[in-house]
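In order of appearance the chains are A, B and C, and numbering begins at 1 in each one.
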C-alpha cells in the first residue's frame, strides 16, 4: 500500500479541485456563484477508504487539553471537516466541548508555521530545511552534557514517557507543565490521605453537590464528563433531581447552573467548608470531628458574612443527602489558602462518607506538574544552569505571570528550541523552531487516566510543513549518538507501535491494533476504586489567606471557557462564540459590581487602569452583578503579544497583575489586591445580548421542583405560585386562531404537500442545558457559518444560527441573582410569519415541515427577519464568505453545505444536509429512516444531552416523548406561529416559596 | 381699471397676460441662482449614485444597519417620497372631478412634484435589497423553472402599486401639458421650437382636438382617483400585514393615506411659496390658493392627530404586552426624540392653521410646511425603526447606528428629486395656461383677446 | 449511518496511512496538457472540447461495451460519479491493450507516459452543475437504472469526443424531468 502511495502524486490542492468540481471542496467558497473549475484531475491511485462525496470517519483523540476526550474525525476527500465525540470513549461518551471542536481551526490555522525556522544574528527568522534544523538541534543538544531543560506540555502519553527517558539519558531535566494543574488539590490530598493523585468525581451519582470555587462545568477537571454527570443528576427526570450549591465570590457559569449561590469573600470558602464539615461530622460521628472542634458555624459565621444557621442548614441538607459530593479547587479559588480549602473539603467528603462513592480514587487522572516545578526550573535558568531548553506544546512565557521575570530567565539560556505550530510568546523568544504536527496529522496517544489509552492517528496529510517531534528526537538521537543512540526506531510511528505492542500483550497485535484504532483506543474500565486511608488528623488551624498590595479590590482571574489558558485565542470560532455569562465576543474585560461601578463612576466599556504591586493593566469595564462588590474578576486567555493574527494584541492578560512569589508549590492566582483608576478612554463592548431581562414574556420558563414533581405544566405552576398570569386569548379568539390554522393547513394539500411526509421537530430540555455553548461551535462547524469579527459584532451582525440566550432573574431588592439559559435556533414554525412576506418564495415551507430558506433565490429584502418573532434569521451584510476563511481555513468547510454570498438571508436549517443524506442512504438501501438516525450538529455535540431531534409523526420517536412531557411549552405561544421546537421548562431545586422569576411571566 | 368685486378663485389677468407671464418663466434667461440650484441638485444626484455603486461593490452592510432593525433609513425615505407623491394626484384629479376652481393655479406644479417624487421612491426598493442585481425576480415573468413571485407578499403588491401609479400619473401630467407646450411652441424659435413642436404632438387647438382632449383628461382624472387611495394603502400594508408590534394596525391604510396627502401638501407649500416669488407668478398663484392648501393641510393633519391617538388607545386597549411595550418605548424609549418630533411636527403644528393669521401669512405657512416635511419623515422613521428595535424577544433588541451611506442616499434622493423639478419648472409651463384662461371672465372691451 | 462506517473502521485505519501519503505535493502544477502535446488526430474538428488525451468513449462504452460504472465507480453510491483513477486506465492499458490503430497507439502511449511521470491527466470538464445545487447521482441511478446516464449526458457511447447534449446547469432541464416523473419539486430537495 505504501509503495502505491509512493506512486501517487496529486497535489492536495488540485486533488481538492477534482472534488470541488462536483460542487464541493474548497471551491464552494465562492458560494452561489456558478463559475467553475474547468479541469478534472483524477487520482493516480484510488484509495479504498475514500469515496468522493461520502464522508469517511476516523477515530482519534482530542489534543486540545489534557482530558483526552475521544473524537470521531469526519473527513471528506481527505480533509477533516468536523470533530465529534467518540461514543465508545469512557471520558466524553460521544460529545465534545467548544474547545475540542475548534481543534479543527488549530489544524487549518492560517498562522501555522510552514516549516522549521532559525533566528539569525539580526533576530529575524530564516526558514530552513528539516535536515539542517535537526542537525543544528542535535549539535547543540549533543554538546550540553546534561545542561538541558525540557518543558513538556503534552500530558501522559507514550511520547511524554519517551521524552522523559530521552532527557534522562542526556542527564537533562524535564518538567511536564500544565498551567492549571490542580496542585493545591494534590497537596491537600497528600495532607488528607497521604497520596498526591487526583480522584474522579461522580457527579451523576451525587444527590447534593457543593462546589467551593471549582468551576466544574467550565475549565476545572474533565469538563465534558462532569457536565454529563451533572446533567444526569441535576437534570429533572421524573421526580428525582440533585441540588447544587456554589460557594465563591463570583457567579460563574457553574454557579449560575447551581440552585443556590453562596456569596462569600475570596479566601473564606475554607471556613464555610470547615464549618459544614464540623456539623456533618457531628451528625455522622466521623473521625474527622476531632480536627474541627474550632470551626462551629457560630465561630466562622462573621468572617464569611453568612449566618450560622445558613451554614448549618446547608450542612444538614448535605449530610441528609447521600451520596453527596463536595468539590474544591480551580483557578478561581486558588488563593493562598487553597491547600487548606481543598483539605477542608476532603474532610467534608470524609465526614459525609462520600469517599469511594462519589469521590473515587484509583483512576488517577493524568496530573502534570505546574507552577511548583516550573518556577524552580526558571530559577535554574536564571542562574545559567542550562545551555539548551526545549519547549514542547507549552507556552509558559504567556501562562506565567510577568512579575516572575520568566522571560528574562528564559533569555539566559544559550539555545532555546520550541516545537510550537504557531509562533507564540515562548517560540518568539527561541532560537530554533521545529513545528510539530497537529494531533490530526500525527501518530500519537494520550492516557488521560488509568485504563484509558486514547490513540491518535494521522487523518490528513500535513497542512503545513511540520514534523512529528518524536521523529525529530529520533533523528537527532542518531546524530547525537552516545547515550541516546538507543533511540533508533525507524520512525516515531514505529516506536509508538512497538510500545503499544508491549502494552497490548496480544497474540495478533496487527488485528488488535486495527480494532483499537477503530474504537479510538483501548478502554479497560478501571473497576478498582481504592479506599484512601485518612491521615490521622490533628486539630486544624487555618490562617486566612493574605493578598498582596494595598488595593481595595481582590483581583480574581479565572480561565476563560473559550480560551482556557490562552491556547484558544487564535481560533475565530472560539473568539466569536460569546462568553456564556457576559455574552462578550472577541474581547477581554474586568467585571465590576454595579454598586462599585457607581462608586467609581465607571460605565460599561470604559477603560480603567488596574494597579497591583506587580504591574498595571488597562481593561474594559463590564458591569456585572454576579461578582462581589469587593472583587474584580477578569478572564484569562487574551492579551497575547504573539500567537497569530487573531490573538495578537487582542484584550488584556490579568496575569500581568498577579504576583509570582509563592513558596507553597502553586501559583496563587487569587492572591493580589488591585487599585483602580479611571482613564476616560472608552472601547465599545462587543456584546451580543440586547436586553438581558425577559420582561415577563415567558421565553425561558421555570418551575420549582415541588411543582415539577406534581407534573404541573409551566402554566399551572405559575398560576399555583400566583405570579404572572399569562396573557391568554378569550374563547372566540381561540376559535378564530384554530380556524385560521386549519385554513393554513388546507392550503398545504396540493403538489408535494399532498404526499405522505415526515415532520421534523425538536425538543430542548432546559433543565439539562447549562449554556456551555458547545452546540454553537458545532453549528458553526457543520454549517460553514462565517465569523464576522469584532467590528461587525459591534453592529450585532454575528451570524450564529444557534445562540444561547442568557437572561437574568432577581438580583434586585434582595432576590438572589439567577441566570436562565436557552439555546435558540430557527423554530421552524408551522405557521411561519417569515414565509408569506417573502416576495420570491426564498423562505417557504417544505413538505416535511421545515422552514426552508433557498439562498440562491433570496434577493435580500429582509422582510422575513423583520417578521420573525424570534429574530433567528441572519443576513450577509458584507462579503463574509470571502473574509471568514483565509487559506487554509477554507479547507475546514463542509462540502455538503453551501457558503452564502453577501446580500442573502440565512438561518438554521435543522441540518437539512444531514436529513437529505440520511434520506438518500435509506432510499439506496430500500428502507425507512430509523429514529435517531438523523442527529443535528447541536444535538450531537451537547455534553448534557439537552437536545432531541426527530420525526414528530413517529409516535415512538424520542422527540415525541419529550414533546409530550408536562414541562413542555413553546416560545411566544400567543403569536400563534406554531413552532416545531418544544422547550421543557427548567426545574429549580428550591423551595416553592423561594421561587423568583418575576420577570418570566 | 375699475376695481370690481372679484371672486378670488378667478384670475385677474387677461388671456394675453397669462400666456405672457407663464411663457416668460421659460423664455427668460435663467438667473445665476438657478444654475447654482440646478448644479447643487446635480451634485447630490451624483452622490446618490456613487453611494449606490459602493453598496453594489461591498454590500449594503456599509449602510448603518444593525440587527434586529433590518429596514431603516432607506425604507423610511422610500415611504416618505411615496407619501409626497400623493398631493399631486389628489389636487389635480380629485379636485378636478369636484370642479373646485382653486386647484387650477397649483395643480401643474403639484402634479410634476408627484411624478418626480414617485420616480425617487421607485429607486428605493432596488437600493435597499441585498442583491440589487436580481431585483427583477420581483416581477412575474414566465420561465422554464416554473418560478413565480409570491403574490401573497405585500412587497409584491408594492411593485405593482408603484409602477402603476408612476405610469398613470406621468401620463396624466403629459396629457395635461400638451396644449400648454403648444402655447410655448408659438413663442419660441430655433431648435427649441422644433423640440416643443414634437412634444406638443401637433396640437393646433382645433375644436375637435379640444373635444377629445377634455374627454381624455376627464377619464384620466377618473382613472387616477382610486390610485390616490390605493397606492398608499398598499404601502401601508407592507407594514400592516406583518406581526411586528407597532406595524400590524388595522388603521394603517387610512392613516397612511391621510399622512401622505398631508406630507404632499406640505411639500407643495415648501416648493410653491418660494417659486411663486422667483417666477413672479404672484398674480396667478395668490394667497387665496395657499389658504385653501393650508385648509387641506389642517384637515389631513387633524386626521393624523386622530390616528396617532387611536394607535395609542388600541395599544392599551388590546391588552397585548408587546403592543404596549412598543408604544411606550416610542415616546419614552431610546428613540423618544423621533417619537416626539413626529407628534409635535405633525399633530400639533398643523393645529396652528386654525388661526387665519398664521394660515394667511406666507412666511409662517412656509415655516410650518418645513416642519411638516421633517415631521412626516420622522413619522416613517418611528414606524419603521423604533418598532423594529423592540419586538418580541428582548435578547435580540438593539438600536441602529446610521452610517455615511444612509445619509448620502437620503440627501441624494432630495438631489435626484430636486434636479428633475428644477429642470421642469424652467422648461415647462409651471402653471396650466389653458385652464387659467378657461376661467377668465369675458374679456373687457378694447382688450386684445388673443386666443391661445 | 455511523454503523455503516464502523464496519470498515479497521481497514480504514490502516489505509489512513495510504490516504494520508496519497496526495503528497508533487511540486509545481502541470502545464495544461493541451499546450504541451501535438494532436496526431485533429480532434478539433470533432464536437466538444479537445481533451489532453483523445479518449474514445465511443470505443470503450460503444464497441467494447464497458459499463459506465466500471470507470465512474462511485456513481451508484455517492453524489459524485467518480473520475477513474489513472490506475484504472493502466489496468488494461499497461500491457494488454496497446491500441488497434496507430492513432490510438499514440494516445495510449501518452497515457502510459503520464502515468510513469506521475502526472495525472487534466481532463477538460464538460458537465457541471452550479454549486448551490446538490445533485445526488446515486439517487438518480437508483431511480432510473444504471443505463440512465444518457438521460442527461446523451448517448456517450456514440461520441468519439464527449460534448454537452443538455445544459445540465439549467434548472428548467431538471424541473421538466421531475415534473414528468412526478417526483419532488421542493426547493430544498436540491438547494441547501
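Throughout what follows, a residue touches a chain if its C-beta (ideal position, glycine included) is under 8 Å from a C-beta of that chain, and two chains touch if they have at least 3 such contacts.
Everything numeric here is computed off the predicted structure, so don't read it as measured data.
Peer 1: If I average the CA coordinates per chain, which chain comes out farthest from chain C?
Peer 2: Checked the centroid distances; the maximum from chain C is B.
Peer 1: Could you see whether A-B or A-C has the larger number of C-beta contact pairs?
Peer 2: The greater number of contacts lies at A-C.
Peer 1: How many Å are there between the centre of chain B and the centre of chain C, using C-alpha atoms for each centre?
Peer 2: Centre separation, chain B to chain C: 62 Å.
Peer 1: Counting in whole Å, what is the centre-to-centre distance of chain A and chain B, each centre being its mean C-alpha position?
Peer 2: Between these chains, centre-to-centre, one finds 58 Å.
Peer 1: Between chain A and chain C, what distance separates the C-alpha centroids? Give it in angstrom.
Peer 2: 43
Peer 1: What parts of chain C, by residue number, touch at least two of the other chains?
Peer 2: 185
Peer 1: Among all residues of chain A, which ones touch two or more of the remaining chains?
Peer 2: 841, 857
Peer 1: Where on chain B does chain A make contact in their complex?
Peer 2: 58-62, 64-68, 70-71, 128-132, 134-135, 137-138, 147-150, 152-156, 159, 241-244, 319-322, 325, 388, 390-398, 401
Peer 1: Which stretch or stretches of chain C touch chain A in the complex?
Peer 2: For chain C paired with chain A, touching residues are 1-2, 4-6, 8-27, 29, 32, 73-74, 77-88, 115, 118-125, 128-136, 138-139, 142, 169, 184-189, 191-192.
Peer 1: Where on chain A is chain B touching in the complex?
Peer 2: For chain A paired with chain B, touching residues are 689-697, 699, 727, 792, 795-797, 803, 805-807, 824, 833, 836-841, 857-863, 865-867, 869-871, 874-879, 901-905, 971-972, 974-975, 977.
Peer 1: Which stretch or stretches of chain A touch chain C in the complex?
Peer 2: The contact residues of chain A facing chain C are 1-2, 4-12, 14-15, 18-19, 21-24, 27-28, 30-34, 36-54, 56-59, 78, 441, 457-461, 511, 514-515, 517-519, 751-752, 841, 844, 846-847, 850, 852, 854-857, 896-898, 909, 912-913, 916-918, 920-921, 923-924, 933.
Peer 1: Could you list, by residue number, the parts of chain C that touch chain B in their complex?
Peer 2: 170-173, 175-176, 179, 185
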